[in-house]
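Each in structure tokens, the structures are laid out below.
Across the two complexes that follow, chain A remains constant while its partner is chain B and subsequently chain C.
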Partner chain A sequence: MKDDLYFNLDHGYAEGLCRGFKSGILKAADYHNLVQCETLEDLRLHLQSTDYGNFLANEASPLTVNVIDDRLREKTVQEFQHLRNVSYEPLSTFLDYITYAYMIDNIVLLITGTLHQRAIGDLLPRCHPLGSFEQLGAITVADTPAQLYTAVLVDTPLAPYFIDCISEHDLDELNVEIIRSTLYKAYLEDFYNFCEKLGGITAEVMCEILAFEADRRAFMITINSFDTGLTQDERAKLYPTCGHLHPDGLQELRRTDSYDAVRDVAAHYPQYKLLFEGAGTNTGDKTIEDKFFEHEVKLNMNAFLRQFHFGIFYAYLKLKEQENRNIIWIGECIAQKHRARIDNYVPIF
Partner chain B sequence: MSTIFRSEEMTLCQLFLQPDAAYACISELGELGIVQFRDLNPNVNSFQRKFVNEVRRCEEMERKLRFLETEIKKDELPIYDPEDNPDAPKPREMIDLEATFEKLDHELKEINTNADALLRNFNELTELKHNLSMTQAFFDEAQANPVAVLEDVNGEREIELGGQATTSVGMKLGFITGVIPRERMVTFERMLWRVCRGNVFVKQADIPDLIEDPLTGEKVHKTVFVVFFQGEQLKNRVQKICEGFRANIYPCPENPHERRELAMGVMTRLEDLTIVLSQTQDHRQRVLAASSRNLRTWQIKVKKIKAIYHTMNMFNNDVARKCFIAECWAPVTELDRIQLALRKGSEASGGGTVSSVLNRMITREQPPTHHKLNKFTQGFQNLVDAYGVATYREINPMPFVLITFPFLFAVMFELINMILLSYPTEPESSRTFYSGQRGIQTALIVLAVICIPWMLLGKPIYRIIMNKRRANYSTVTNQTENIENENNEQIHNTEKKRGIVLDVDVRDTDTDEMLDDDHLHQQHHQLEVDMSEVWVEQGIHTIEYFLGCISHTASYLRLWALSLAHAQLSEVLWHMVLQIGLGMNGYVGAIASFIVFMPWSSLTVFILLLMEGLSAFLHALRLHWVEFQSKFYKGEGYPFVPFSFRLLLDETPIEG
Partner chain C sequence: MGTSYLTIGGLGASVGLLIYAGLTYMLTNYGFRFDIGWFLLAISPYQWALVGIALAVSLSVLGAALGIFATGVSILGGGVKAPRIRTKNLISIIMCEAVAIYGLIMGIVISGSISSFSATRIEDLALKYRAGYKLFGAGLSVGLCNLFCGVCVGLVGSGAALADAQNSSLFVRILIIEIFASAIGLFGLIVSILQSSGSNMAD
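On to the complex of A and B.
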């Protein structure tokens, strides 16, 4: 009740704006037109009649998929930053939490790039703008995680997530992935607790979305780690504990060693059983990642069915990213003239 | 005959255009601005239409013109408006225009790249200049006050300080100088301290001027910093941090003599660069000024070309007859002018043996609503249209609104009261405004009462009579009907959408249903059902009318309410505010009047003029929309939006 009465005082404008943005997301008819395009110029022409408008108007032809990708990202970032600028607490903190995920991605990108001897000037433009912070450029100075923490990250909001990562191993390829997963686990659990503390409809909506995200990470980490040198215990330390799988599912998951075993674990949970049944490992089938994307889209769309909560902002950003991925997928298929799998985008509406 | 009481009579026309003449004809029609084209290809995607390439070329030209405009605006040059209305250029001229734009675009981009490179160089040198002067100042200060400096640093060191050299045991300090944006300085220092574990020494000085950042081109505040450290490892770390924070590092020689030489070299180079830069800017301004004269004309031309091709995308390309088929709505009275325009277009594009043809078509679709208006009547028509656009050929309330709206507004705003009701002596109820008022009032009431049975019974009785007549007619012709039916259907189908000229309007305007032979069969089967529906409908209308009479009449009481409120407000402001000031005598009175005038005038303006004015407008509008229009107005039409260059250029203002 408290949600309904007082929500609009501080957050009504931001919510209205967000729902307006959401109504501009491409519909099935738009995708139908897009897959019929022969060239990227046709793509640009069709996008002019959607909410995207003339965002590519000042690009000289010939267009490339990279340019489209940059402009799409720019537009999404602009919208998100505007929402952040007009928000009040606690919505501002909520939106900041969303950006931490991008910060983690940027850090890992920079470390990996440095390991491959790339110049910092090349790497910085490839970072996601939503995840930029002042000390980002200085990441390359660090050689070990401890240095990374004490020098760079201690002032950023990511500092508390790093406690578990500090070890004296050098930063190399495998380690970097482990660092990413550990950071992400800590971030996800922290975000989950924050949403729970917010209470009300936000907690209901966000906790469901984040629980799915946690379970999805657990599944993907397990499946991707099957042929690497990662031991079962190490793997188990990377599972986020804020999902439905905790604690029993995670216990069983750590003991699995094949895709089928993972599927058996998933069979205990009705919603995941459905997802695994629809997926297969043969070519031409949908992979489990695709099914996860579809489920995520469904959860995000459901968030918009309720009012007076912050989940719509998170859901909007994720839906917009999915839409950008779809457009780039279609663009790539057109540009490379390989139209066989052009329909493999994830439909949103 | 066109009047403002009804919308114009419109007709659906079919145009057959020769491919060569099509462009010129559409151009003429655009200048005329009295036809509305229909899209004959609604299911075709925008990028699969016939002229999509031409549209793309127009958009490319628009992009170049937009770029040109931003460049002109950046240099704050004036843009000249064209005096006359340039015509849409022919397709051949389009290629010339494209070539001109391409050349301009290329030239401008080249100038910009050169200017950018020069500017970057200039900025780097400026930063270097400040860098050198600041470090020079620092070293001078250190020379003058070596003790203070020594206290900050652990251990002894050796630095060459002008002529004075202090000896030391062991290590030599290296240093890096550079420039960094001011807001990043604090984080930068903290980072340096953390990474190097406090083994570096930083000195900084703000640059007072705004410097243009070589990378982004914005003017920012910058700071010069000097970092002292010991050893190679620390040097690498410091360099990496500088790179990460995007600080610009400048090499600074240790020897003061070299520093001075470098500073002088920088000054000379800066002077040279300034000259070259100003020359480049002049060149750029010349190019831009030359094109600024034509910019608006070009923009209008390109807009017109694009509009013409968009329209031509809506046409049907008949390959068999080698012509374009277009459908448009046009007012019947303007058909001659349209024919003239088509002829002009055909001649302009080189004559040819066959000219464009215009045919009127018969259709059952509802035409758009078009009123002939001037600037004065347009305003009131907008008031009516805001509620709903008139159905085709419906009575237009606008002429009545023209008179009653100002009247009602004046009543509520007390103007009428002031004129008519100046200080009456008789009681209100027996006063008459004009002779014969009593009689007219009685007559109106009698009319209103008669309306009730008229509405309730009129239509059903009419229907019953018509049905009886038709029933007689259909039984007689039942046998011949079946044979005629087939013939009629065939003729009907062919008549539907071809360009055969017909003079007779087949629609029966007596009844709402069509008197086709096909329908007569169903009619007398549905006789009973129709009648009950008609009774119910008429009953509803009568009740609505009766209740409406009472409620609408009561609604007009708001005229009294608002005028009373207005009168009381002005009385209050007068007696309680201004009279106080005017009541006093002498000098005190003069000052009091002066002081009182401000609140009185501001209250008058805001409350009486603005608020009451808005209120009177709103209530007058409501009285028209609800109490007047609901009695007869359907408002289910759609407006006539002609293909007109004038409308196109007005609605998308070229001024950015």
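On to the complex of A and C.
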């Protein structure tokens, strides 16, 4: 009742705007045109007739895929910032939560870059604009996670997620990935609790999406850790607990040591069983990551079927990112003249 | 969503107070003081009729307002990327406005039935009380019907605006839903006119 009656009071304009943005997402016909382009100039021409318009108009030729990537990202960020600017509470807190994921990515990017002796000036432009915060540039001065926390992160919104990561070990390659996973786990669980507290349709839609995200993380961490030195216990500490796999599936995942064992664990859950059945490890098949992307797109499209909730903002951003990934994939295939797998983008509409 | 401690505490305290007062009256043999009949007779028919008018107008306007803000904001938001929807969707706002007009009409009709009386015999007074109650009922029925009708038309109109922005063939179909929604306000108007028609307070 509260959802339906009073939602439009504060958030009606933002919702209408977000749905307008969503209608600009490329359709199957647009992808058909893009796939038939011969050069990146053709790509630019075809993108002009879509919602993107002249966003590449000021770029000098020859066009490169990196430039297209930057412009696409800039456009997405612009739209998101506009939505954030017109939003009221609690939508603004919700949108802020979405940006924390990008902050985590930026922090890890900077730390890894510093480990490889890159200059801060090279790294900062590569950070995602949605995840920028004031203390971002100061991250490079830290050597250990404890220093990172006390010097830089304690004033940022990410401070509560860092509790589990603080240790006196030096920041090195493996550690940084573990830090990323631990931060992301804490962030995902916090976001899940926030959405649950919001209640109503937002909770129904977002908790479904975030539970899938948590399970997907658990599966990917397990599969990617098979040949590294990560022990089963360390791995288990990285699994987010807000998904459908908690607690039984996570216990079983902990004990797996091969891709087939992971598939057996997934067989207990009907929706994941279907995903694993469609994937394979041969070169012609879709990988499980592709199937996860497809499932994510499906959940995000379903979010738009209901009105008066915040899930559409999250779903719109994720769909836009997927579309950017698709365009870059097509662009790369065109630029490298390797058109065999050009149809492997994830269709959205 | 969650009932706060303050709400539960307040509710519990008031229920407790009522039970205490009721028991006090009953057990001290003053139960006759709780006299509903006296209460109803003590309220003048003018009060009932005028409160009926107030309810008719205010609840209708409340419904229309809730409807108009729900629709108007969605038209604004959807109109940014799809400017063609702006003019067509004003129909939804007009239908919400109609709900407020029903309330206005009933307010005028009911107030036309109110006039001074100086009856003293119990048979005549009973007729005046009857008029008062009828006018109150008329006002309440049109007010509440229009409240829910206005909200309904507004929410459907919001969906119509957003759907029209995506696919223009959907607008007319959702408009049909809105027409059914506004029919329920009309029901309230009809019943209210029937209720207030036979009541006359004049001598």
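The working rule: the second predicted complex is superposed on the first by the 349 of 349 C-alpha atoms of A that agree within 3 Å, B and C clash if a C-alpha of one lies under 4 Å from a C-alpha of the other, contacts with A are read in each partner's own complex, and residues count from 1 in each chain.
The definition used in the following text is that contacts are C-beta pairs under 8 Å (C-beta built on N, C-alpha and C of every residue); 3 or more make two chains touch, one makes a residue touch a chain.
Small disclaimer: the values here were computed from a predicted structure and weren't measured.
Aligning the two structures on chain A places chain B and chain C next to each other without any clash. Looking at the shared chain after the overlay, A:D42 reaches chain B, while chain C stays out of its contact range.
Judged by the touch definition given at the top, the superposed model places A:S258 against neither chain B nor chain C. Computed from Cα centres after superposition, the angle at chain A between chain B and chain C reads 60 degrees (steps of 10). Among chain B and chain C, the chain that touches a larger number of residues in chain A is B.
In the superposition on chain A, contact of A:L9 is made with chain C only, not with chain B. When the shared chain is aligned, chain C comes close enough to touch A:G200, but chain B does not.
Using the contact criterion defined above for the overlaid structures, shared-chain residue A:Q307 touches chain C, although it does not reach chain B. Shared-chain residue A:A151: touches chain B; no touch with chain C. With both structures placed on the common chain, the touch criterion links A:A57 to chain B but leaves chain C unconnected. By the touch criterion defined above, A:R19 reaches chain C but does not reach chain B.
Think of it this way: put the two complexes on top of each other by chain A, and the tightest Cα contact between chain B and chain C is 11 Å.
Annotation: chain A has no residue touching chain B in one complex and chain C in the other. Within the complex formed with chain A, the chain B residues making contact are 45-48, 52, 56, 59-60, 63, 66-67, 184, 187, 190-191, 194-195, 237, 240-241, 243-246. Looking at the complex, you find that chain A touches chain C at residues 2, 4-5, 8-9, 12-21, 23-24, 199-200, 307. Residues 33, 36-38, 41-42, 45-46, 49, 57-58, 60-61, 120-121, 134-141, 147, 150-152, 154-155 of chain A are the ones touching chain B in the complex. Put simply, chain C touches chain A in their complex at residues 1, 66, 69-70, 73-82, 151, 155, 158-159, 161-162, 165-166.
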